[in-house]
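Heads up, the next two complexes both have subunit A, just with different partners, subunit B and then subunit C.
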Partner chain A sequence: MTAVRHTGAEGFLQRFEGLRARLPGRRLPWLEALREDAARAFRAQGLPTRRVEAWKYTDLRPLGEAGFEEALSSIDGGQALPAAHGGGARAVLVDGRFRADLSALDGLPYAAGSVAAALPGLEGRIGAVAPAAALPMVALNAMLFEDGLLLTVPAGVPGGVLDLLSLASGGARPEAFHPRHLIRLEAGASLTLIETAMGPEHDGTTLHNPIYEIEVAEGATLVHARLQQEGRQGFHLSAVHARVAAGGTYDNFTLVAGARLTRNEIHIALTGPGASAHMNGAQLLAGGQHADTTTYLDHAAPGCASRQTYKTVLAGRSRGVFQGKILVRQAAQKTDGYQMNQALLLSPDAEMNSKPQLEIYADDVKCSHGATVGEIDHGQLFYLRSRGVPEAQARSLLIQAFLQEAVEGVTDETARAALGAAVSGWWEREALA
Partner chain B sequence: MPAVTETLETVQSVTDSGYKWGFETDIEMEFAPKGLNEDIVRFISAKKNEPAWLLEWRLKAYALWQKMEEPTWAAVKYPPIDYQDAYYYAAPVQKAKPKSLDEVDPELLRTYAKLGIPLKEQAILAGVEGAGDSPSDSGRMPIAVDAVFDSVSVATSYKERLAKEGIIFCAISEAVQEYPDLVRQYLGTVVPQGDNFYAALNSAVFTDGSFVYIPKGVRCPMELSTYFRINAKSTGQFERTLIIAEEGSHVSYLEGCTAPMRDENQLHAAVVELVALDDATIKYSTVQNWYPGDAEGRGGIYNFVTKRAQCRGRRSKVSWTQVETGSAITWKYPSCVLLGDDSVGEFYSVAITNNWQQADTGTKMIHVGKRTSSTIVSKGISAGQGQNTYRGLVRVAPTASGARNFTQCDSLLIGDRCGAHTVPYIENRCMTAKVEHEATTSRIAEDQLFYCRQRGLTQEDAVGLIVNGFCREVLKELPMEFAVEAQKLLQISLEGSVG
Partner chain C sequence: MSLVIENLSAAVDGKPILNGITLAIPAGEIHAVMGPNGSGKSTLSYVLAGRDGYEVTGGIATFEGHDILAMEPEERAAAGLFLAFQYPVELPGVGNALFLRTALNAIRKHRGEPELDAMQFLKVARERMRTLNMTDEMLRRGVNVGFSGGEKKRNEVLQMALLQPRLAILDETDSGLDIDALKIVADGVNALRGPNFSALVITHYQRLLNYIVPDRVHVLLDGRIATSGGPELAQRLEAEGYATIQAEAA
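Up next, the complex of A and B:
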């Protein structure tokens, strides 16, 4: 293996040493050990460089150079929050810390609250789905997390729609926060979780490093839509780890429109027969933005299905990355796997790198992937122009149609509408800019 | 599912009886001392009576190689190779360079006759009634053959006929003597000495291979072909091929290879460099049939090869076609660097892994010139415990406006203990370029098998038919004689795995 070179890991390790006495759960031996192990793993791996195959297209050097400090929350209760997508149930985190005063979680048929407040009872749950040593960003989070959303939907309960709002307040100095979200749907339960990540409002540099540990039990359905619209000086380093049991469905949509540098990893394991995963996403990039979506789908049981559609639109000098691996284990006969990733280059200075990947050890399977990179189709543009649609509008129409395909894959109507609005809003802003 | 059961049963009863090229030739050989060091490099250079610049060139490569690490990124597994435990030079003992086939050791001639390689120039061109030529040969276009036996070229046919057109077709060691300026001008310009670990090794110790030069405006009147044979024990074969197609020229080149059946693994690390200038076309076809090892995965050739073409001229075209049925391990990525505007690169590949074979193969298409286009069609077939990986790169530079790529990778799995993997890299930095990739993985459909069986085909013939259909897009790119051979090979390679 290529030797891992260390870059900028030292700053994070120092912060851990300085903070550890004040981190939540410091008196819990198991958590102490978990953080210690994470620090060891992070020290060993460092922040990966581009010499590491999985990081070939994303350079974390600017992250190492930023010198982050602990976030000081400066948002008070008086501030107006964006409207919720669902029926009003809402969990709010500011700088990675759960804010009961801003959240609206009363009268829900399931338990939702703060990870920090429940820490003594979370032994064996933190790190169960996302082991710290697996990925550098998970290790970083395990070392430094303070809080997150803790959510358990009991068996058979339809949870409806929950909004999760993640705000960054931002300060004069670069600030980092590392929320850990634990989401569990028991057998037959369902939930639609719509997450919006925003802020800071001024040009502050932030690092948002959320890790999701998701368990979908037999026959349960979780729709998880993430809208990342953070400030253009932000760094976003996230990993979703989900485990789906027999007959369960996990539907993930990730919209990336914000941040200067984004890396989203989505790791889904289909562990029981008949489980299914939908993974869709859109990366809307402009200026000097860099966004990387890396998916890893593990077909570990027979008769599972997965569908992936990822779209990237690139303007300005932006760079997009898609890496998607489908692993079909020997036991996973009758697997049906499909993956499509497409990119539209709107500018001569934009760059797209994509690496779809199939690794298949079972023979009775149907697996395919496709990838395209190109500009707006001149024929389609001509068709619209010849019918009197002005060029700017025609382009806008074609871009939206291109993105629509990914949005349409989302199974929940509310989530789909929220994503549709976010997608069209982005292009209107970019076209005017 | 009787078909599946039958298939699985026969996978277990696989034997290597299908490899009919596995015999050894008993012939007096001359070896360099075992191992690799500067002295060996000097020894090879002296054996070949090389000019000083080439020795320097080799020594530089050797120095680079010593500092390099063996690549580990490919999806292949094998025990560490002891580079000191092999012979880097092995040649049949010859008193003097044979002037005609009559002077070539009859044992060697018998070897090639057994392999079915026509070293004898066919009567049709010589104007003489050739004894022993089968009637079917007489009406066909002849093929010029360069036969490489371990480290040396033993014979090249039709040289005079080709020379009339100004075409040079000879062993590269001969070209170093006869056309040193041409060799010096082009050697290492497509694959530099330090390109990768195996290319560096090859640059240091390469022994023979073919040299082809097609002058301006000439369309080569016959297929050129090199037949590589590894015979000696514990030797590596390191051939180097260089093909230069001048402005407006056209050449079709074929390559075949076999080796004896042995329990030890042998290394074959070749370098092939192609240069196509304005409006030139090079078609390069390979039927790779090195010994694949036995049913338990013992023995077989490690085929670690660097092949690259530069389309330097405008509207130049290079087309790679490969049928990879042999070798224990294949590590091979024939590539095209599309420099000239409107140049074209093509890659058509069939790779079969049966028993314990592993293949990590694909291509690189580097688009630099405007409106360059490339097509990649890859068909991977895995059976037994075989592991088959397509690994490819399509890179479009900002300068390659209007560039176009289409890639199709299909994998077929036969049995539940094999693997099929697809690892394409797509890097596009040009807005007006269009890159498309698609890949599928499936197995032979029960209904297709049933359809064939119902019409009286045996299980084996049915699978052969379906596999040939699966590979058709690639096989049709091969020159006719090769296509027939390749089809037979596909069937033999899958023998035992498909009932």
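Up next, the complex of A and C:
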């Protein structure tokens, strides 16, 4: 077991060896090969250490030390699920496994269901947008994924709002699950996907390692809100890989309010002219939480626009990280890129690290980025208090104002309302506690 | 007595700015404070409102018999004190309507009155705004964000009109106002006049005092009241400037 402590990867590799004969799709040669490749890459790289540039600010050692097991789902149909944000359409995954019994997907104008159940037909689709060997978190998922949400909205169909509920049931021992979500919007289709990740209710240790492979075809629009409110002993390591074709829009908002350690990578490629990406997010951290948002935006076609607004609020001894890279390829003339990342420190023991990066090879582009780290403004606080507003309430107002810009950047009203509620909920729970 | 200040001294960053101010405002009276730039007028207003970083080094200040210097800023506001800022603060991301309603409800809660919901508030606010010649649009914007100088001052007076303080300190609320706005602001103050309302009006211009006629005028020089008098003192200052008083004080 000393080896586990050494690189952190052994525990996961052992689990892969133990599980592989039982993993879904084990008789599919292409999938077998994909898992094999992923294991090879993962074995070669190990869990990234802080010596790796992309992981300079996030230390995964506690993950390697936890010793995760396969999750034993313990949520049954009788459990009350949180209220849906949308019109009632809902996909539910428990411990990374699609649960038809808990989902409500009948009568939708598009297909939504389980990845595991559809595996034989997914050759060439799994790994198409998120190559297995490229990133350690993707490789980890490729080795061990059991299931995920499979979603295809046909051309021209307005899909409305779909809730995706990702629950962790938790157990006595640390449990890990690695869902692989495949989301495709065909030309001119639209969908608002609001994901809520929560659990376990008691403080069990969990690892949620979801990978999203997203294809937004010509003129399609996907609004993708992720609200991560997982338990205090949770690890959350996600990667969103999205490809947006000409005239398409991908709008991602990620709220990080839960888990002890979070790393969210968002990789977006704008591959056709006039495609656009909105990436907004808020990290609301307290206690000893650590959250890392790392974005890669690839402007590969002319006339595309990207806007990123990330806000981090840090209380206690929390640590926040933002790394954002914008790559503008030579072909991507008339690119309009904007990135802003701001942090509000509520405590002298909190810390924020940010690393914006622009790499531009085209000459006719508009690209700007900025980063600020600050505290609550004393003048603003005094102004509010001088009007009779108690200090705690005044702080709450100013924190919400700080986050406002990121929430406002979300184009879909349902998603925006869900986010607004999650943000005020966090403040009431954490900061006034 | 509404406000009693005795021998009040205060420092900022260790630098003495107020050097023993003594001043009393009986209930129902309006007093003006005039004085050259940098004489300590705004410092006095901040000390009375309880701003951080303004260290009281001596003396006392009571409002209706209570030691206000021992209170938190929000407690002073709840007790009935209101400061119209010389430089109203911008709060980007906080809607003006939400701000005004939050403030009004905080004060109402202290008074034991029921809080107003968004609709009830809007009704009250619109009424006040009409008399101040303000448009609904200013409720939708961030607090003071993108407001012109005069609009910011009107927004201060709107807050005063909504919160109905018993002691208002107006720090150069007339500066930057056009003649019409000046009258509107003066009307706003005069509307509150009564046995339970006192005000300390800080101004550089005698003109305002034509509209808000003060009971007393005090001249602040180097953090001290150099002289006090009736409304005619303001007229004398307008004609002579501060030179004579400075010479007398020296």
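One rule holds in what follows: the second predicted complex is superposed on the first by the 427 of 433 C-alpha atoms of A that agree within 3 Å, B and C clash if a C-alpha of one lies under 4 Å from a C-alpha of the other, contacts with A are read in each partner's own complex, and residues count from 1 in each chain.
Here is the rule we go by: a residue touches a chain if its C-beta (ideal position, glycine included) is under 8 Å from a C-beta of that chain, and two chains touch if they have at least 3 such contacts.
Bear in mind that the values here come from a model prediction, so they are computed numbers and not experimental data.
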Partner chain in contact with A:Leu345 - subunit B first, subunit C second, else both or neither: first
More subunit A residues in contact - subunit B or subunit C: B
Contacts of A:Asn353 with subunit B and subunit C, given as first, second, both or neither: first
Which of subunit B and subunit C A:Gln14 touches, first, second, both or neither: neither
Touching partner for A:Tyr361 - first (subunit B), second (subunit C), both, neither: first
On subunit A, the residue positions that both subunit B and subunit C contact, one per complex: none
Residues on subunit C engaged by subunit A in the complex (per definition of touch): 49-53, 72-74, 76-78, 82-83, 85, 88-89, 91-94, 98-99, 102-103, 106-107, 110, 142, 159, 163
Complex interface listing, subunit B residues touching subunit A: 72-73, 398, 411, 413-443
Contact footprint of subunit B on subunit A as seen in their complex: 1, 53, 330, 333, 343, 345-348, 350-375
Interfacial residue positions of subunit A with respect to subunit C in the complex: 378-380, 382-391, 393-394, 397-398, 400-405
